[in-house]
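See below for the structure under consideration.
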Amino acid sequence: MSLLSLTNVSAFYGASQALFKVSLRVEQGAVVALMGRNGMGKTTTIKTILRMLPAAGGELMFDGEDLRRLPSHKAARLGLGLVPEGRRCFPNLSVEENLTAAARPGHWDLKRVAQLFPVLEERRAQSAASLSGGEQQMLAIGRALMTNPRLLILDEATEGLAPIVRQEIWAAIATLKRETGLAILVVDKSLRELRQIADEAVVLQRGETVWHGAMGALTPDITDRYLGV
Amino acid sequence: MSRETIFNAVLALGLLLFPLWAYVADEPFMITLATRVAILALAGVGLNIALGLGGLVSLGHAAFFGIGGYAMGILAHHAQSYTPLMEVPFLIEGTKSMPVIWLVALAASALAALVIGALSLRTSGVYFIMITLAFGQMLFYFAISWPAYGGEDGLSIYVRNSFPGLNTLDPIQFFLIAYVILAAALMFAAMLAKSPFGLALNAARQTAERVETIGITPYRLRLTAFVISGAITGLAGALFADLNRFVSPSMFSWQTSGEIMIFIILGGVARLFGPVAGAALFIALEHVLGGLSEFWHIYLGLLLLAVVLYARGGIIGTLAGREVAHD
Amino acid sequence: MTEPVLSVRNVSRKFGALIASNNVSLDLRPGEIHALIGPNGAGKSTLIKQIAGGLRPDSGEVHFLGRDVTALSTVQRARMGLGRTFQISALAMEDTVLQNAMLGALGAGRRPYRFFRPVLKDRDLREVAETALDRVGLLDHAAIRTSDLSHGQRRQLEVAVALTLKPRAFIMDEPMAGLGASGSKRLTGFLDELRHEAPILLVEHDMDAVFALADRISVLVYGEVIATGTVEDIRNHAEVRRAYLGEDA
Amino acid sequence: MSFLLLIEQILNGLQFGVMLFLTAAGLTLVFGVMGLINLAHGSLFMIGAFAAAATAAATGSFVLGLAASLAAAAAAGALVEMLVIRRLYNRDHLDQVLATFALILIFSEGTRWLFGSFPLYLNIPLALSGPVTLPGGIEYPLYRLTIIAVGLLIALGLFLLISRTRLGVQIRAGESDREMIAALGIDINRLYTVVFALGAGLAGLAGALVGAIQSVQVGMGEPVLILAFVVIVIGGIGSIKGALIGSVLVGLTDTLGGVLLPETFKLFMDPASATAVGSALASMLIYILMAVVLIVRPTGLYGARA
Amino acid sequence: EPVKVGMITTLSGGGAGLGIDVRDGFMLAVKQAGNPDIEVVIEDDQRKPDIAVQLADRMIQSDDVDILTGIIWSNLAMAVVPSATAQGKFYLSPNAGPSALAGKGCHPNYFNVAWQNDNLHEAAGAYANSAGLKNSFILAPNYPAGQDALAGYKRMYEGELAGEIYTKLGQTDYAAEIAQIRASDADSVFFFLPGGMGISFLKQYADSGVDLPVVGPAFSFDQGILQAVGAAALGVKNTSQWNKDIDNAANKAFVESFEAEYGRLPSLYASQGFDTANLILSAMAKADVKDQDAFREALRAAEFDSVRGEFKFGPNHHPIQDIYVREVVQEGDVFTNKILGVALEDHADAYAGECKM
């Protein structure tokens, strides 16, 4: 059984339909890349998974549970860890408070996160609002890890990070995958890095899954057609 | 034509036809009620420029409403008692002429708005709400304990002031005066919202930082809006005082500020006709429910709650739907 | 050598004990793209703020078009022709895309205190705005509410608003962030042309774009410029590789 | 004025300040920390006082009255949160203003409907009545000292709750981004119901404690409401310390202003008009204080700099 | 054709108790008279001047009333009365008596059936003299009625003043004032703090340990309020033109029937409402309300059985009446007042001379 599965999911913003037929599947321990040009519905898909936006139709299952019946916080508690687009750190909280606010016990704790992102340790008492953009991004990742999820969802999680940090994060994700068997759903614009880490890819076009398959099967022809590279 | 425009036209027409009907049916009080709606809506139109367009939630607009009221009260009081308002350095007499009173009310409240705004606009958000409240309260307590013009008892002007060529004591004629002023203010507000100034002000509400980086000072935009807003509310105050032939410090109270704000929220924030719809509904409710029971406030409260919970964006927001502002 | 359009001279700024800018000097010459890179938290945005006017340096000066602008406000600098984009989009979300763009044009025309004529009927303003939207590829979306744009589309609008100002120099804080691969490619091409209209100080973590575009690169680490040079110089700069680029380059 | 009297008046100012804090404590939680504009705070204050008065009259026990005030106001708060407030978090502040204004109308008239139009009796328990002599010979009512103690305890409790507990962190996180904190697995709805009920309970308790030395009547909450907003804003929204210091500042200003201003004016005016002018100015004083504080520090004394 | 009476009074919000008492007293008299020729329209002014004006406009313009009455508060009276009388209606005040309407602003169609605002305070001053009080500390809120109160007290009072304070309108904490009283060498305290302000003051005063004798006008010791003050008010001397133990047949019948009808003791305000209605009824018996001059004469004659005993109007249409001193006592569970004696006999107000009509 897949850990997460979406079948023909549709969703609306008010009256305008943003998702038409999104289908994707994340297996236990797999890393899946969600791809598509700007505005194709990647973030919307993620919002739908986390119940921040109601699914209008289709099926939405996580670990055997029907997500469509759950409120956002219950869905998250099943083991979904979100690093949202645009970071959304709590600006009025300190770095440490951001990390602990929603922490759940498990592998990840303050110490491990500090090892992953030493700068967060240095800025522990500073308010999140005064962090640099990249620092906020690290904080958002740390915050999601602190909930000890089974599926980590990264929406443009390396946006605005220095190349060296980005490499570190990719390395960390690789480690996570290898050592903890964490499943990951990742949206990122860097195809090069996705190729190294993702097992599978799903491509969206105008709110619809138009391609899915093993990462290796993602030929230049496809990336050119759907991603413009 | 958008749904909102149609609704606005219906509202404008309704507010005109209702008193005309009352005139024919010989129900002078209904005319008075409509006049009250028009005048309070005018105060709301003023506040809505600051609140809706500029995002400046002022809980101190009673200050301007009251200043307008007292401008009328003081001028008429002196005219009535044949005592000059001021002798040194030069002689100023009172007056009973509405146009003069309006100009004075506009000027005085604009000046007050300039001072209060200049100080208050250093703050923002909830702090702004509270500092404007503070200025309103200062004027309230000042008016209560200032004996020269009646203190808490207020000032009675036994006869309504005059307007050249009209008999202001005739309810329908006074209504028409108020209606025309309201219409003019609405037209001005509509133009303002679509004007370059409106665009910039509206943007400053949403992202002040951006507005700065394109070379416009948000503070100055807001202060301008606040002054315009205060002046219109001040004019409404003068008319309101004339409607009642009476002014008192209660015009300065925070409840008055709150009520003007409630008209706007009820009707729809940043909607051109929001204050009109809100004032009309509120006063109609007050009128209808008041007779039902001693505890009619409970019904009023429940109805208001229903509006907030089920009519998002106020009456106009619900009837007209979400539309991009000022297109 | 031509006179620089913009120059930062020995600027320092502290936040408490943290030195966010440490005696930074750099300049921007006509026609060039000068990239500013550096680790997260190095002080790039802080420096941008000091150039654009949101933040005063503790010491040092900022010169623009030959004038010392250190004491001038953001507004005054913008009026002199300094165009800026934000790292985190700052747009009027409730307004349409076109209105956002017109706002920029309005600022450039410096005439926001007009109360009567509907702004949308102003042909000149509209043309400026539509041209800018067209250039970033958003003209199709002109009538859409800005809040309905996707993240990447908002980044494009950010740039368009700066364009409408017809600035004498651009300061861009991570314009590529959030743009997909195709979007980045497109913007890269666009900036490449734009430099002929006005030089660009570009803060960016997208090294593909930086290496493709920059005439010169300055590297900021812990608030200090540790290197300035051509793409080649920086690519091979040992310290830069260690502190910033890693194995990538 | 004698030195001792001045000291006593300063004490009165402090006492009044702490009493203000007590009445504002619930609002600090709901407005300062949750970021919700609750105009009905004064109504909850009133509900507490009425519940205490009714219970104390029925049972003869002041303590039971206090318990009832806490329970009644908290229950009203929880109910209101679940039925009304919950739908307004994601809305404009202005919708909250209208909704809670409506609640004032309902609560005030509802209370009058239940209890009639006349003030109720609620008095200080015998054990706490009468004055005690403080060092220096100042006679001071014991009950007021008790109020100071309770107020300070609540301040401390709130401070610890907000800054030291995870619950506090989650509340503050919810204030800035409810959707996000929910997406991280926190049941923000339930949390907010609890916090709102707690804030309401505190308002009710304050109503009962303060009601014992004031008039328990419909409308008693309205002046409280404004003053509570004033002290929180002066102190800086979100800061418990700020609210306490703001309260004391307002208490001192109000008390000493009312005493000293007329005296000052007497130096150069005839006594009757000096009293009138002095007290007129005194009644504006706290608002002048608030305006000055906000002009100098636009986010209050301890508010986060935006 | 029936006489139409419009009653504008406060029936909702904090001050509703007074309005309700006036209304109940008034309606009791109407009911007892059983006269089908009187019709009463009652509206709630919410204690807001502009609402009161609006209601008055409505009653005059639409309901076509002949007589207006009911207003509790001076500031509302000032808003309504001048224009109502200017439009040719009668106004009978059951409670407020601002000095402006007693002096220069008096009007032939305006009658006050309660008192001029200063009256009870003047009586308190007179009582203070007779009780041998020599050094009073006096306080009132800083608004016209408060200023009138202190002026009224001082008009009759012959002793020294240990202090004179204006408090904030709506103030709830009086620690500072009580400290000042304690520190002064006063031998008595006079205060005028209507409504909740008085309750707060008395409770706090009683708890402070200061035990100087207290004198005040009846407003803070009225039936509706006393139960809320409780024992703290016991022994306080207050002045009133009415009390439930005034010995006359009309009063006895009134007190009994009021209690029977409404299940509570009548208050000062109820008595005033009752008298107002009876005055109207007495005039109706003699003249047609449409004949304004005749009706005015009938009102001026005031030939009705006032519950306060003798009652007549002065030249400015304000009462000339006895004002009593009462003491707060406990009767069983109930706190109430007992008359001690007369403070001022056949007392008229100080402004009558300024009235020209």
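Per-chain residue numbering starts at 1, and chain names A, B, C, D and E are given in the order in which the chains are listed.
Everything that follows uses one rule, which is that a contact is a pair of C-beta atoms (placed from the backbone, for glycine too) under 8 Å apart; a residue touches a chain by one contact, two chains touch by 3 or more.
Being a predicted model, the structure only gives us computed values, none of them experimental.
Chains making contact with chain B as well as with chain D: E. Shared contacts of chain B and chain C, meaning chains that touch the two of them, come down to nothing at all. Greatest centre-to-centre distance from chain D is found for C, with centres as Cα means. Here A-D and D-E were compared by C-beta pairs in contact; the pair with more is D-E. The greatest centre-to-centre distance from chain B, using averaged C-alpha positions, is reached by A.
Taking each chain's centre as the mean of its C-alpha atoms, chain C lies 74 Å from chain E. For the pair chain D and chain E, the distance between C-alpha centroids works out to 34 Å. Averaged C-alpha coordinates give centres for chain A and chain C that are 29 Å from one another. Among the residues of chain B, those in touch with two or more other chains are 141, 144-145, 147, 295-297.
Chain contacts: chain E has residues 12-13, 142, 147, 166, 168-169 touching two or more partner chains. Residues of chain D in contact with two or more other chains: 108-109, 112, 276, 279-280, 283.
By the document's touch criterion, interfaces exist between A-C, A-D, B-C, B-D, B-E, D-E. Chain A makes touch with chain D in their complex at residues 50-52, 71-74, 76-77, 80-82, 84, 88, 90-93, 97-98, 100-102, 104, 127, 143-144, 147.
Considering their complex, residues 37, 84, 87-88, 91-95, 97-99, 101-106, 108-110, 112-113, 226, 229-230, 233, 237, 276, 279-280, 283-284, 287-288, 290-291, 294-295, 298-300, 303, 306 of chain D touch chain B. Residue ranges on chain B touching chain D, taken from their complex, read 51, 57, 119-120, 122-127, 130-131, 133-135, 137-138, 141-142, 144-147, 254, 258, 261-262, 264-266, 269, 295-298, 300-305, 307-309, 312.
Residue ranges of chain D in contact with chain E, taken from their complex: 1-2, 4-5, 8-9, 12-13, 15-16, 19, 108-109, 112, 117-121, 123-124, 129-131, 139, 141, 143-144, 210, 212-220, 222-223, 255, 258-259, 262, 271-272, 275-276, 278-280, 282-283.
By the touch rule above, chain C contacts chain B in their complex via residues 52-54, 73-76, 78-79, 83-84, 86, 90-96, 99-100, 102-104, 106-108, 110-120, 122, 125, 145, 161, 164-165.
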